[in-house]
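Heads up, the next two complexes both have subunit A, just with different partners, subunit B and then subunit C.
Then we have the complex of A and B:
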């Protein structure tokens, strides 16, 4: 535990000194990606997603989330509510399938689609690839919640990316992304995401909870909480369609 | 005596009589032709809506206002329309069976679903869930496109795509679906994401129908029930601890930035966690069969559609059904095609209102022109009126003379206008107006419009004629009555 804290502190100091001046954005985006990338192992957690829509009861979904960043794959299996139990997602690269255990059918979907009719997108569960997908258009110094930040505007290098333009509030001292705004191709604000707290898992950082606010549908908001994180190696077969069928048998 | 003088005056001032008369003729003729065409369009629209979508009477849930076959506007402006379930369907049915004048009836579900074309994308569409056994007997507007399959058979799973949807998929997605091809339907309902794969049985089009944004396709009712998650009211509340909603609660009023507070401790990583052992990925759902089965409610329907016997007025039947629903406390409402075809039907009502406004404006303009011409005529006839007054003609005689003149003009030229209008409408009816251009197709096209003179437009024309006859003389007559014998003698 002590060793981990020393290593983490060391890495923050290193990061802070390296990026104290005008940032080298290619390096900075790469570093942000690395901080959340479990490139040498697997990651799993339990997700709780609570969605609020005006005039409706809160929607709660609990699911198990498995991620293998080195192969750009993730799997999500619904645990609750009961009527959705066993429904699941499999994402491999840019492809995503949804599985309905009742009809035993897969539906091809897109990372750009909303996750379970919430304010989250399927792509929110992919690993970060900011350096590969974006270039920094502009940035400014600022403060958010007392912390010194860079507010950087990123534009996608490729039209296929789920979010064409995003603005990140990046803490200068540890490079954690505190807040994001996602924009459409036409420049319209679509969503705002706040990540007030991260959890460190084996030297990597994943949000403890995040809040997503829909900018188009006023009053719609979603909180996602990641609990019971694990980096234990998962069987290869988890990241297959067969797994989603088998887990329901 | 007055009528004689009036006719003589009209013949003496032929030019003015012809000018005023022509205006009256044109006004009445336009009113009759325009109203007849609009009336025919409305009649064509009502026929196509009744045959294709709504029947003569639609029984829907009374729990959602304005719920027609296309659904009611959702609270979420960007969300799909709301289609309420007819919860008292089982108790509604005996009342429908016992209704006098009913030719046939059927039940229907309406739902919006996605046609998943895998890598080619998705198409979003409206589906009517039907039981082919009685649906096509009641709703007879759909016909299969030549060489494109057949109708759904009773008990068969499958879909019939509307030609517009089929063509859109072909043109925009590059997928040319053929009868027999499997089609995957997806839907996100109250039981999550649902998938159903069914064969395309046929491609159809309506004999005549307006081009609405969401043209309906047909699916067997089991498929639509499955996609819509008609699960008989199962509602499970998932309990979560306070931390799962902490940000939602904290930012509700204060805004998203309030989550960061003022301290730089925010957004910092928590100390490294001792990671939990991974749950066995193959045992996360517990025992086999742990998932609650989603029972299909066999009797779940959104609507009952009723066709009346030829010539039977649906009005009294609607009243009688609604009275029975109220007496029995049923959550159901019977309504005619216009309510059931909303919001589309409101557009047509708007068009008719616009045309009627145009007719009123035309009538006002006609009256003003006729009045001006009559006033000019009075001015010219000052000497004549003065002389008549000097010779002992009372105000009553002068008044009567002008009223008689206007009445004769209106009656003669109005009748001419009606005759001409009738002839034009008959010619249009014989020739037929193709409604294939975009504007007319939107209104109810796809067929040939054959206008005919009906009671409504005829009554409107007579009313307009009487209105012109009664109103246009008022000001000129008042002017005529002010002419004094002295002024008449001194006027050259």
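Then we have the complex of A and C:
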């Protein structure tokens, strides 16, 4: 444990010294991707989403989340509420299938669709690819919650990237993204994501919780928490349609 | 001329027996007329509504893959298509060139998914006239950021109050009235019938009171801003603002209308491009044959067409999914029609028709057995009468024809009564109004279930019933014809 802390602290100091002055944005974005990318292993966690909509009771969703970044795959199996128990998502690359245990059928869906009618999108559960998809248009120094940050405006490199423009608030000392804003092609703010706390899992960083605020549907927000994170190797069979079918038997 | 008279007289001699036989025939015919009439009407309504909705019977589009391999639907060259329609003599009321995009329409946090129809308002001047506006109009839509929405969508977005009380409101009203009645009854129980009467009156009063507020809200909502969230043709998220220019009364609700150029800019398409050309035919009969002819003409004109054998019976969404998975270069062009888009409905209708045909066949088989037995009894009962006729000079063929004529009159009578009963049922169903259910409106014509009976079905049913009845009666009739006059006269029954 001590060794891990020393290694982490060392890497933060190195990162800070490397990026504190004039950032090389290509390297910085690559480093941000790497920090959350489990390229050599698997990742799993229990996720809880609490969605708030004006005039409605809060919706609480619990699910089991499995990710294998080297193959660009993830699986989500719904645990709660009971009516949605057993529903599942399988994402491979850009393809995503939704499994409904009642009809026992898979429906082709999109990473851009909202997750279970919340403010989260299915793509929020895939690995980050900022370096590949974006270039930094501008940046400014600033402070967020007492921490020194860069506020960087990223624009999509091509028309295939779902979010055309992002603004990231990146901590200078450890390169963790504390806040994000997503803008439409027309430049309108669509949603804001705040990530107040990260948790370290085998040298990688995943949000402990994140708050997504919808800027279009005013008053709608979703809080996602990631609990019991694990990097235990997962069987290959988890990332298959058969798994989603079998988990319901 | 004598034989038909005798045949009719013979039929009237056994009224009860023949009434039952003709009744059974009438029932079979009634089933086939009523079921086919309803199915034909439903299909006709669906086809008409869908044609109005998508504005066309035959559709033309083209698809290509962008640099990221995403399938893009955008027509940039329709000159040869227009020429082919003209050369083939496909008379049409109009053609539409629209951009369609699905999106989420948001107002004050309330949202609804809708298809946005990007219309060239100069080309589609008829559309502005055909929409029944409750507020505003389509004036000035061309080139503007205006949007025309239905009253249903306006209700969903909370722009206007709902015209009808919803289940929660009705329940609240019922509880309130029940409590009042309980308190006033002295027995601590509310009279159920009285409660129902009062509830009905209270709902009517509440909805009437809401009408004024609703009309005012509809009038005020023109000018409000709606936010539209959608994806560009390349898959990027985009958001636009539209100002309500009109609210139209919709029997069923599907599209919100905007200017095509404005929508094109939002979905990242060139200003003059569009993604669906619709041809609204004057005569939509033989649609599949016309579609195939047009496809062949377009192949000759040099378009790289998607094979017609893969188009027929499949919706364009299914074809697009297949093309997304297929590697191809350049643009693929596609001609399809409303029947392919309504494939599921047509398959269900065909299934119902086949089931009614099967039921008709079973009924006819049972009736044929009944006719054979009945005519055998008739011949048995009238053996001496047949002997007398033969003794007076009637030929064998005349005796046989007499029985066949009786069977023919029986089948004609039964069939005609069946037709009448079938048409009565269809007319009765047509009298019912379903205006309140907007989901059902897709199947309706002016709020009612339409019916449509093909003349060929009537002629075919008549021919089948007559032929089967004659076939069933032919054996007993032949037996009657073969009777020896002397033996027949000696018969003691």
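Keep this in mind: the second predicted complex is superposed on the first by the 249 of 249 C-alpha atoms of A that agree within 3 Å, B and C clash if a C-alpha of one lies under 4 Å from a C-alpha of the other, contacts with A are read in each partner's own complex, and residues count from 1 in each chain.
In this text, contacts are C-beta pairs under 8 Å (C-beta built on N, C-alpha and C of every residue); 3 or more make two chains touch, one makes a residue touch a chain.
Fair warning: this is a prediction, and the values are worked out from it, not measured in the lab.
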Subunit B and subunit C placed together on subunit A: clash or fit? clash
Determine, under the contact definition given at the top, whether A:60 touches first (subunit B), second (subunit C), both, or neither.
first
Go through the superposed model and pick first if A:203 touches only subunit B, second if only subunit C, both, or neither. first
Self-check item: First (subunit B), second (subunit C), both or neither touched by A:112
Solution: second
*So, does A:156 touch the first partner subunit B, the second partner subunit C, both, or neither?*
second
With both complexes overlaid on chain A, does A:76 touch subunit B (first), subunit C (second), both or neither? neither
Review point. Regarding the shared-chain residue A:216, is it in contact with subunit B (first), subunit C (second), both, or neither?
Key: both
Answer with first, second, both or neither: which of subunit B and subunit C does A:90 touch in the superposed model?
-> neither
Practice problem: May I ask you to decide whether A:171 touches subunit B, subunit C, both, or neither, giving the answer as first, second, both or neither? | Solution: first
Counting residues of subunit A touched by each of subunit B and subunit C, the higher count belongs to B
Where subunit B and subunit C land on the same part of subunit A: residues 53-54, 108, 216-217
Counting only contacts in the complex, subunit A reaches subunit C at residues 53-54, 108, 112, 156, 158-164, 182, 184-186, 188, 190, 216-220
Seen from subunit B, its contact residues with subunit A in the complex are 75-76, 78, 116, 118-119, 184, 186, 188, 191-197, 226, 229, 231, 234, 236-238, 240, 243-248, 251, 256-257, 259-264, 266-279, 281-282, 284-285, 288, 290-292, 294
As the complex stands, subunit C meets subunit A at residues 66-68, 70, 106, 108-109, 111, 227, 229, 231-232, 234-240, 266, 268, 321
In the complex, the residues of subunit A that touch subunit B are 1, 4-5, 8, 42, 44, 46, 48, 50, 52-55, 57-58, 60-62, 64, 66, 77-87, 98, 100-103, 105-108, 116-117, 144-147, 171, 173-174, 176, 178-179, 192, 194-203, 205, 208-211, 213, 216-217, 221, 223, 225, 228-232, 234-235, 238, 243, 246-249
